[in-house]
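So that you can tell them apart, the chains are marked A, B and C in the order they are listed, and the count of residues begins at 1 in each.
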Amino acid sequence: MIAFLVKRFGQALVVMFVISLISFSIQDNLGDPLRELLGQSVSEAERQVLRDEMGLNDPFLEQYWRFLKKAVRGDLGNSYFFKRPALEVIMEKFPATMELVLGATLIILFLSIPIGVYCAINPRSWFTKVMMGMSIIGISIPVFLTAIMLIYLFSIALGWLPSFGRGETTMIGFWETGMLTWDGLVHLILPSVALSSIMLPLFIRLIRSEMMEVLEQDYIRFAWAKGLSRKRIWFLHALKNTLLPVITVGGVQIGTMIAYTILTETVFQWPGMGFLFLEAVNRVDTPLIIAYLIVVGVIFVITNTVVDLIYGLVNPTVRLAGGHS
Amino acid sequence: MKKILTAAACVLLGLSITMAAGAKTLRLAYDADPVSLDPHEQLSGGMLQFSHMVFDPLVRWDKKMGFEPRLAESWKRLDPHTMRFNLRKGVKFQSGNPFSAADVLWTFERLKQSADFKGLFAPFKEMKKVDDYTIDLVTNDPYPLVLHMATYIFPMDSKFYAGNDAKGNPKAMLKKHADTYASTHASGTGPYTVAKRQQGVRVDFQRFGGYWDKKSPGNVDTIVLTPIKEAPTRVAALLSGDVDFISPVPPADLPRISRDPNVNLVSMGGTRIITLQLNQERRAELKDPRVRQAIVYAINNEGIVKKIMKDFATASAQQSPVGFVGHVANLKPRYDLKKAKQLMKDAGYEKGFSVTMMAPNNRYVNDAKIAEAVASMLSRINIKVGLKTMPKAQYWPKFDERAADIMMIGWHSDTEDSANFTEFLTMCPNTETGYGQYNSGNYCNKEIDALILASQGETDEAKRSATLQKVEQMLHDQAAFVPLHWQNLAWAARKGVNIEPVVNVMNFPYLGDLVMD
Amino acid sequence: MTRYWHLFKDSALLYSFGRDKVAMASFSVLLLLVLLSFSSPLIAPFDPYDPAGIDIMDSDIPPSWQEEGDPRFTLGTDAQGRDMLSTMLYGTRISITIGFFAVLLQSVLGILLGLAAGYYGGRIDAFLMRLADIQLSFSTLMVAIVVLAVFQASFGTELYNDLAIFMLILVIGIAEWPQYARTVRASVLAEKKKEYVDAVRVIGLGSRRIMLRHILPNTLSPILVISTVQVANAIMSEAALSFLGLGMPVNKPSLGSLINSGFEYILSGSWWITAFPAAILIILVLVINLLGDWLRDVLNPKLYKD
């Protein structure tokens, strides 16, 4: 267990190092950050002075070494645009993205499990057929199109739901939440639905096929033979074993979901990390770009580790330290 | 749990309704929020819009391009070098400190330190305090644009910015990439104070109770500014009633917005010129004025305005827009394909040639689309264009390298005066003086340089106007550059928000005077 | 050759295809889209890549059945004055090309690495599967966004525009190889235990020959099923990347970049610039997914899970 965690931590460090090196080496090519900081009629000489001050004229290795020295102390540099530590800026936007992911996850959980289970138990019902048909259509519609259609329908045509942003938010310690006010919750609906739109059909199909497979297994047949009640068999024995592979897939999909937040946040102008990242790319705000990539890398590593741990707990046949045998 | 939530939501909803009945809140969406609270940190449209909310200038532009007294009650030219300003009495800063000449002097000195503003204030020798409410502004040479520059002087609260902040840095420190006190705290004399700011997400402004201008009709108590970068989302927010006022309005959505009965659209001709520069140093062909003229004749800029800009721009044949002293009324767009072909033939390039062209794709309204349209228009006179468009962050370094034969540049005159266009765009490039800094075409005409330099010290309005008009005419005749259009400005607000009286061609809405029903 | 044809004709695959209306319909729609788009230089009324043929005065014309329509442009024109029908035909061709080659790349990579991992086992296996784990834990879209943003920046946009199609194929292709590698490895492990492998090894055949000629054919059905779904995924990824401005440039648009360029006009009433390409994209991905579903049901392969 400890060995496993140490190994994962080591991997994470290597990944972070590679990310930082790559993003650092390309910063010259991203463009000139000064143009975003200065007005149009500032002379070239003035610009050089500022560039020197910011250390942008130093050789690459010197800049990178300076970055590494600070990075080990948890300082990823100051964002050019926000003028504050990049990590601090990212962490401020972290709650927004997480609440969006949470909203989408809740939608997925509360819809996919009942629908998936129903479809597995009643494979011939008309509802199952409709659901299966809809899910394959759902998989085939890109997230950004879903998002545009949702805005068009619910914000513009019907005027029921707000079209952008987070609405009213409250601070709980460092965590800025939109989930405590009505306004904030209403703002969360459309982006969460859009974000869940790609995963929901996937999970419905996954749960259905896993459940159908489990229902074919011998121990379920024995359970029937023993005369256990339907509910007990379906929801206790079968569902438990269905959810095992679903957890693994789900862990990987959280990563995918964070990638899709970039799309969703862009369309809904949701002030989260993904939106910030694309803005930072446009503004050539290199410290912010690096910080985002590192934070996302950490999230990926953590979710995967947690998933592996859970999997190990539920299914003791998997040995953690050795990986796959 | 659900019940509690619903109940809580009802209470909150009720609260917000009762609050709304008493106080008037304007929900405002721009494409970006102010990058800083320090008015001297950056010279940009966004920062000036902010400055007009929290600070007050000495004088400000009125709708007819005249000057309106603000913190300066009156002014008078003492001699060709000196202008005297009488300051308003009884004005208080938002911190409670009284406003006096010392603050203006302090602000002026700080402006001269600012990387963005020092260039504009270079003609000024000094500012002298006569008494607590009188100052003299002295220039090195006779200077015609003293009042133009006075619109940039937004007096800051010198006592508020005195001393050191928690980190031990001076509160007045002006630094671009540091977390300075002034970039996060502000005290001006303006109609609004910054109540809350979350950079990149929203800024809350509160009406300043002690605002000096009691005659201002403005009745908005709170302004919530939300940046919405994506144009369609911004429009959607207005149409769905999530915000009350948006700017800029994308040209594509103008017809839809003007059709909507619940929304008011105000637009006016802008002053930002979009041009193409033809690099004669890279290409011998472009040295020939006939080839340059052929290119101008081949580009249907009225078509671009009509189709790409949706009539949301004014096709141009010169740099200076209407209202500027250098504007020549009879210069008209010159699209004529036949004549263009003839000129190419005369110049000996009937078979054409290939050129490279670069344009930004996120700087000006529809910049990349305009560039593509130009490329396809030039193919009709057998000029094959290899076009590259790129984000502005990558474009500007390329522009500095003069990396293509044809480059796009838009320009807004910071002085709201004709000479500024020529100084930056068409004078002979000179790294020492900084003239021609944005002249990627390397067009160079000593006669024009001399005329512009002469205009800088000319305080006789009529003579100056004649000189600058002559410059425009010469640039036009020689096809020194390809004029495309002036971008229009547009603002849209829901009915009941009377934006028409407060918006202007400079695009600084005077929100302090905004009236909401 | 004829022997294979007979095998195919009598196969369960074809039999089930003939009985499944959804599969037949999907296949015909897909075939139609592929044929039309790949013959676009012949059948498209205009050439959207030729700047001289585009007139800005023709921009933003609604479909011809609408009041302001123009009979020359059946489905209207976009903001550049390009004929929507022609641009979409060319765009579909780009989308399909990217989808197909990206999957070709990932399958070749994945199959080779999966075979190697499964057959040789030991350290090679451990290393490759660890690499696959790490790669899978970063989602494809994320990797693609970052890599493309980096490349766009370091090539400069000009070179990038020329190379965009290859870059997209490379990025989408490389990011997804573990899907194949894991499945192939699992099948190899299962096959390796069987007697016939021992038998051919006794005859003295080399390991490469054993893998390619004997083991690989037995893994074909899961590969076929994965490939179908992956083509659909690749087309979607490409559309998403183009929507973010990281995919195909405006002058050589794919379906995704067409949707993106129409997005700013969607509220202004020019719905056709977004709606038509969006519809084609959805139909294209849908029919491929339906075919994949059907293949999965028929072949019922053991896919790698976990």
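Convention: contacts are C-beta pairs under 8 Å (C-beta built on N, C-alpha and C of every residue); 3 or more make two chains touch, one makes a residue touch a chain.
Note that the structure is a prediction, hence the values are computed from the model and not measured.
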> Among the chains, which has its CA centre at the largest distance from chain B's?
Replying inline: C
> Whose C-alpha centre lies nearest the centre of all protein C-alpha atoms?
Replying inline: A
>> Could you work out how far the Cα centre of chain A sits from that of chain C, in whole Å?
In response: 24
> Rounded to the nearest whole Å, what is the centre-to-centre distance of chain B and chain C, using the mean of the C-alpha atoms as each centre?
Replying inline: 46
>> Quick check: how many Å separate the C-alpha centres of chain A and chain B?
In response: 39
> Got the chain A residues that touch at least 2 other chains?
Replying inline: 30-31, 156, 266
> Which positions in chain B touch two or more other chains at once?
Replying inline: 236, 239, 391, 394
> By residue number and range, which residues of chain C touch two or more other chains?
Replying inline: 153, 156, 263, 266-267
> Within the complex, which stretch of chain B touches chain C?
Replying inline: 231-232, 235-236, 239, 250, 252-256, 300, 303-304, 306-308, 358, 368-369, 372-373, 375-377, 379-380, 385, 387-391, 394
> Which chain A residues qualify as touching chain C in the complex?
Replying inline: 11, 15, 22-23, 26, 29-31, 136-137, 139-145, 148, 152, 156, 245, 248, 252, 255-256, 258-260, 262-263, 266, 278, 281, 293, 296-297, 300-301, 303-304, 323-324
>> Considering only the defined contacts, which chain C positions touch chain B in the complex?
In response: 51-52, 54-57, 59-60, 79-81, 153, 156-158, 161, 250-251, 263-270
> Any idea which chain A residues touch chain B in the complex?
Replying inline: 30-33, 35-44, 46, 49-50, 53-54, 78, 80-84, 151, 155-156, 159, 162-166, 181-183, 185, 266-269, 271, 276, 279, 282-284
> In the complex formed with chain A, which residues of chain B make contact?
Replying inline: 8-9, 12-13, 16, 35-36, 42-44, 115-120, 176-180, 183, 199-201, 226, 228-230, 233, 236-237, 239-242, 362, 391-397, 400, 411-412, 414, 424, 431, 434, 437-438
